[in-house]
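Just below sit the structures, each encoded as structure tokens.
In what comes next, subunit A is part of two complexes: it sits with subunit B in the first one and with subunit C in the second one.
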Partner chain A sequence: MTATHAAARVEEPSDGDGRTAKVPAAAPRRSVLRGRALRTTGFHLAAGLLSALWLLPIVLVLVTSTRTFDDIAAHGVGSWPHSFTLDGFRQAWVDGGQQRALINSLLVTIPSVLLSLGLASMAAFGLSRYDLPFRRVLLLLMLGGNLLPPQILLIPVSKLSEVLGIYDQLYALIGVQVGFGVGFYVFVLHGFMRAIPGEIQQAAVIDGAGPWQIYWRIILPLARPALAALSALSFTWIFNDLLWAITVLRTDTQMPITASLIGLQGQYVSMWNVIAAGSVIAAAPTVAVFLRFQRHFVAGLNLGAVK
Partner chain B sequence: MALIGSTRRSRATRVPPVVLAFVLIPLLAEAFWVFWPALQGFYLSLTSWDGLAAPKFVGLGNFSEMVHDPVFRTAAINTVLWLVLFGGLSAALGLGAALLLQQERRGVGFYRAALFLPVVFSLVATALVWQAMYQPDGLINNVLDGVGLGSWKHAWLADQDTAFYAVIVPALWRQVGYVMVLYLAGLKGVDPALYEAAKVDGATRWQQFRHITLPQLRSVNAVVLSVIVIDSLRSFDVVWALTRGGPYHSSELLSTYMYSTAFQSLRLGYGSALAVVIFVLAFGVIASYLVRAFREAD
Partner chain C sequence: MTAFNASRRRFLAVSGAVGTGALLSSCVTQSPSASGGKSGGPVTLQSNLSSPQAKTSMQQLVAAFNKSGGAEAKLNTVASETFRTQLPTYLTSANPPDIYTWYPGSVAESYAKKDLLLDLDDIWGKPELSGYSDALKKLCTSTSSGKKVFVPTSYYWWGMFYRKSNFAKWGVQEPKNWDEFLDLCDKLKSKGVAPIGLGAGGDTPWVASAWFDYLNIRVNGATYHRELLAGKHRFDDPEVRKVFDTWDEARPYFDPNGTAIPFQDATTALLQGRTGMMLIGTFFADAAPKDALGDLDFFQFPIIDPKVPVAEEAPTDGYFASARSKRADGVKELLSYLAGAEAQELYLKNSSGTALPTHPDAKDAGTPLVVKGRKLIESAADVTQFFNRDSSDALQPTADTALVHYLAKPKQIGSILTTWQRSAQKIWSQ
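And now, the complex of A and B:
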């Protein structure tokens, strides 16, 4: 099936030595082995050091989140930990309103992902499988909308949601996330669906299937790799958004987790254990999605790359 | 354009109404939330508006005000500097990481995941993680003390001279893994036979990189460039969470200045004009991205 080629192109290859460096046959075997061992050690040293450097801030925030406030006040936020408590999490979760904020985030993110991918897959189906007039123009118009800097939209969107009477409601955030995101998803899904051979569709037409059935029973299942990749990607994008949230929402109890983190920062000044705990709570869902769907995630990033 | 498609592919020419609806509903959703507001945004940039009374048309007045606005000048210079530093460094570091981690070998999956992990954090969480490290009694100053560079200690985010750079570092920390993934996919597409041939010809590693790897990565470079420019001009969260553009606008970007002008000073017309400047800066990249997309969409 050609449809899977596009996916295979972006997926990680299986582990194992892909291309090992060819060594000249004339060289003595032992020095070759030693050279290779040296190079392997060097690689692991460099890569290990780099990874450690990259993971250090994460380790640090985890450690800070489990210290007591007294410990931080006495020894400084950058010191070795002298205490262990989960009280920071309790404060961030209960007093800091992170529980409410996390629920808000999920209430926005999950419908936004489902809606925008649902709508985008419909548009991509129409644009890729039928000879609509101005097919390419429509496609690029939709993609172009997604590439606009959001700043140009902020003021009108906040006014628009006021006019609609949904300002400061989660619906406004869902609306703008779907409207702004859909163009990109259409473009990616279009490229994917275009690669599905036309014979499959023709066979279905001969069997008497209508467009809805072709979409639902044939094209959508075949587009599953692209949909999975985009789901993982759009989940993190929407979940991590700050700008749209603070543009269409105002009340603290409506804010998603990113905006609530900024509130926490103002409310618990220099209580680094609470702020660190809040950051851990805010990052946990996307890290979980990443660890669970790592392959889709990486594939998704490359799907969006226009060559 | 549609005709070219129909001659090449044998496909039902009649478009069923339900398919039209499939395309029109998402298009209308985007038109409602994006195209219509964008047009309004351009119009508002020509007005003076406090959000309450009707917008007053002032022509290009907002833009001529910018010429004399020192904060605008700082924000514009910082935005360009951000593009160059954040963009250049994330491309260079991302490519470097990809070159280091391109070969499939034991443990490489872990290293890649470690570099990529920050990509999934929100910029706000990223900012808070780094904010703790930047504190006067934080890790960075402690390390400087520990290695005998105590005189380098700073209140990194509170000092006008360092705030801007202190904000770039967390943004880089998060972006490098993303660029690395793009380059890893690009490197995978380079034909190994090219390297074999170069080795036979006695090319050094640098020559291989210079004359094979870089030219072969040209299309990925274009992607990375678009991603970087678009991301740079959108950068807002990390600055907002760390410094709000301060102290004394020293870390102000056009995006943060636009937001505070519009939603805190309630100067909606001037804010829209700032947004138009951001759009103009992004336009070249958006256009070239669309041209490439147009070619790809056959």
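And now, the complex of A and C:
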């Protein structure tokens, strides 16, 4: 929009130059303006349509979550709603056990994010700021670990957690999430920390700072954008994980929100309104995190892309 | 019958791999003190009844058991899809849950063969279970060890369900045999209604197997059907071909959307009168609005060959226990309780109410529909479970592929059956 206005105004002075030229010149200019306006409306219309199309499933879920099951059963999921109730949310929250599951999810996600980013930032600091032996091998090892599909480790993880006596406990899940996350976070943070000028660190050394102080007071604050982006990403990854949860947990009171969401599905019949309400509840924390860290999220997408 | 979820195929494959791997590596982590009779802690009941309503009725059942004194039980509900894929892992873990909801027959047998199930011979001698029918006794006995490994608690039936008000509106009656059935279909079609709904689309392609099961037990008999599923006959045999020849007579009356929509949507179509009737298990009533329940009725799958003994499809549900349970005494106490009439009535009262109790003296929900269903099964000469329960979860996808293919391209039936036989062979030879 602004571009169009600016362009129009730029042309204005040339209008007043010759009165004779103005009348014949006005027609093509108007058509140019009209063409621009047309293009702008076209763009907005197309983009609006596209986003409407993209939002449609979300709207459908929201609408379904406020219908009664009898309404859905009688008219079908795709029909116009004939009822309005918030009972689906109550059923998912109370009967479906989503309250407990949401607490479990947060109990796993928050410590996992803090722990894995804490460990990863320390490792990245050491690997990027000091000339450690085998640091290249170590980094490649971490990268290599990320290239392996984690699914091939399902059985070893399940059996190992049993041997360690932490099977069916939230600690097991935290351990798994930290273990599988650290490699990638180190890789990304290493790339970021390497770009911090060496002079800053040297200045700190001259001022008498030890490695711990340099890490805590110099590098960590400078790496904040990367940490914010990574914590937003890892929060959604860990929060949305289902595979590891059902691999190391088996008691319903320990299950996170994702596992409890598929639990809302009946053996044969699915109550779509309750499932939709459960999905809305399960999506709420990640949406909140996304909105809060939106800026960092976009930054996170090209994090480590250019080194 | 158990729900299959094609949309989660990848997830299933992955988790299935966990299961098999767990089976293979089980010997490594086997606990040394696995065979103790008494050990502390409550008996854990691992349940796949995860829908809010079913979960609540299970909770009430366990609460009632705990109030009765003696052993203590703890209910643990996991999503049915998770349960299905993790069951082998549960059974082979060092400290497994004690009791599991699952199915008798060949499905339980596959675990019994690996010696993973607790021997329940002694509780079958108790008063709670001694009155059970011979068919159930046979169903719960492991064919490899001759021991009883399963406690059945409820079953449901399959039938041709329709809406009474719609049949009255169209002026048609329940048919008695195959010819009357085809006449009925003809009449419905002339009124612009798709006579037969199916619902084998989306994530419920297994619904089509009900047609194969029923046609096979009506044309070739239940014994042949079971032998076929066990790999003693071939899917490209002329007997199986005869099943599809009979199906061809009814196929023109199938809803053209039959393989496009899942059964829950097909139920809506039936209730709205867009289709006339539907071969389905009673669980579909959960997908109907409450005010339509009284309007539902069913008739027996029509008799095709009167010489073939009448068999019906009635999948049985119940429990088995892990052989590695450390609380065998408590397990048996809970299983005997669940087998009793009182517990079964309590469960049915709180659940959707279309299931039937296995205890001969337990009262069912008492609605006309349930009374009719119980009579249907009790008068049957033989009872089959369902395609996957009479064979295995591995064989079910081969049937889904073959039947959906058949419904789309019926002329290719010859090659479809050859392919089916080939893929079934791979599973039988495992």
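Simple rule for what comes next: the second predicted complex is superposed on the first by the 273 of 307 C-alpha atoms of A that agree within 3 Å, B and C clash if a C-alpha of one lies under 4 Å from a C-alpha of the other, contacts with A are read in each partner's own complex, and residues count from 1 in each chain.
What we mean here is this: contacts are C-beta pairs under 8 Å (C-beta built on N, C-alpha and C of every residue); 3 or more make two chains touch, one makes a residue touch a chain.
Note that the coordinates shown come from a computational prediction; the quantities given were computed from them, not determined experimentally.
Could you classify subunit B and subunit C on subunit A, in the superposed arrangement, as clash or fit?
Clash: subunit B and subunit C overlap once superposed on subunit A.
Looking at A:96, would you say it contacts subunit B, subunit C, both, or neither? Reply first, second, both or neither.
So A:96 only meets subunit C here.
Taking the superposition on A as described, I'd like to know which of subunit B and subunit C A:251 touches: first, second, both or neither.
After superposition on chain A, A:251 lies in contact with subunit C alone.
Does subunit B (first) or subunit C (second) touch A:215, or do both, or does neither?
After superposing on A, A:215 lies in contact with subunit B but is clear of subunit C.
Quick check on the superposed pair: does A:271 touch subunit B, subunit C, both, or neither? Answer first, second, both or neither.
second
Looking only at subunit A, is it subunit B or subunit C that touches more of its residues?
Greater contact footprint in residues on subunit A: B.
Is A:262 touching anything from subunit B or subunit C once the two structures are fitted on A? First, second, both or neither.
The answer is both, since A:262 touches subunit B and subunit C.
I'd like to know which partner A:77 touches here: subunit B for first, subunit C for second, both or neither.
both
Examine A:163 and indicate which partner it touches, taking first as subunit B and second as subunit C; both and neither are also allowed.
Only subunit C is touched by A:163; subunit B is not.
Looking at the overlay, what does A:293 touch: subunit B (first), subunit C (second), both, or neither?
So A:293 meets neither subunit B nor subunit C here.
Pick one for A:131: touches subunit B only (first), subunit C only (second), both, or neither.
The first partner, subunit B, only.
Have a look at 2-10, 128-136, 182-190 or 236-244 and say which bit of subunit C overlaps subunit B after the superposition.
Of the candidate stretches of subunit C, subunit B runs into 2-10.
What is the shared patch of subunit A, the residues that subunit B and subunit C both contact?
76-77, 151, 154-155, 158-159, 243, 246-247, 259, 262, 265, 270
Under the stated contact criterion, what part of subunit B meets subunit A in this complex?
1-2, 5-6, 9-13, 15-16, 18-20, 22-23, 25-27, 29-30, 32-38, 40-42, 44, 51, 97, 100-101, 103-105, 107-111, 113-118, 120-125, 128-133, 135, 137-142, 173, 177-178, 181-182, 185, 188, 192, 196, 199, 219-220, 222-223, 226-227, 230, 233-234, 236-237, 240-241, 254-255, 258-259, 262-263, 268, 271-272, 274-276, 278-279, 282, 286, 289-290, 292-294, 296-298
Considering the complex alone, what residue numbers of subunit C touch subunit A?
Answer in residue numbers: 1-3, 11, 14-15, 17-18, 21-22, 25, 28-29, 46, 48-56, 76-82, 86, 89-90, 93-95, 97, 263-265, 267-268, 271-272, 281, 283-284, 286-292.
Within the complex, which stretch of subunit A touches subunit C?
Touch list, subunit A to subunit C: 69-71, 73-77, 91-92, 95-96, 151, 154-155, 158-159, 162-163, 167, 243, 246-247, 250-252, 255, 259-260, 262-271, 274.
Within their complex, state which residues of subunit A touch subunit B.
That would be residues 10, 13, 15-19, 22, 40, 43-44, 46-48, 50-51, 54-55, 57-58, 60-61, 64, 76-79, 119-120, 122-123, 125-127, 129-160, 175-176, 178-180, 182-183, 186-187, 190-191, 194, 198, 201-202, 205, 210-212, 215, 236, 239-243, 246-247, 257-259, 261-262, 265, 270, 272, 275-276, 278-279, 282-283, 286-287, 289-290, 294, 297-298, 301-302, 305-307 of subunit A.
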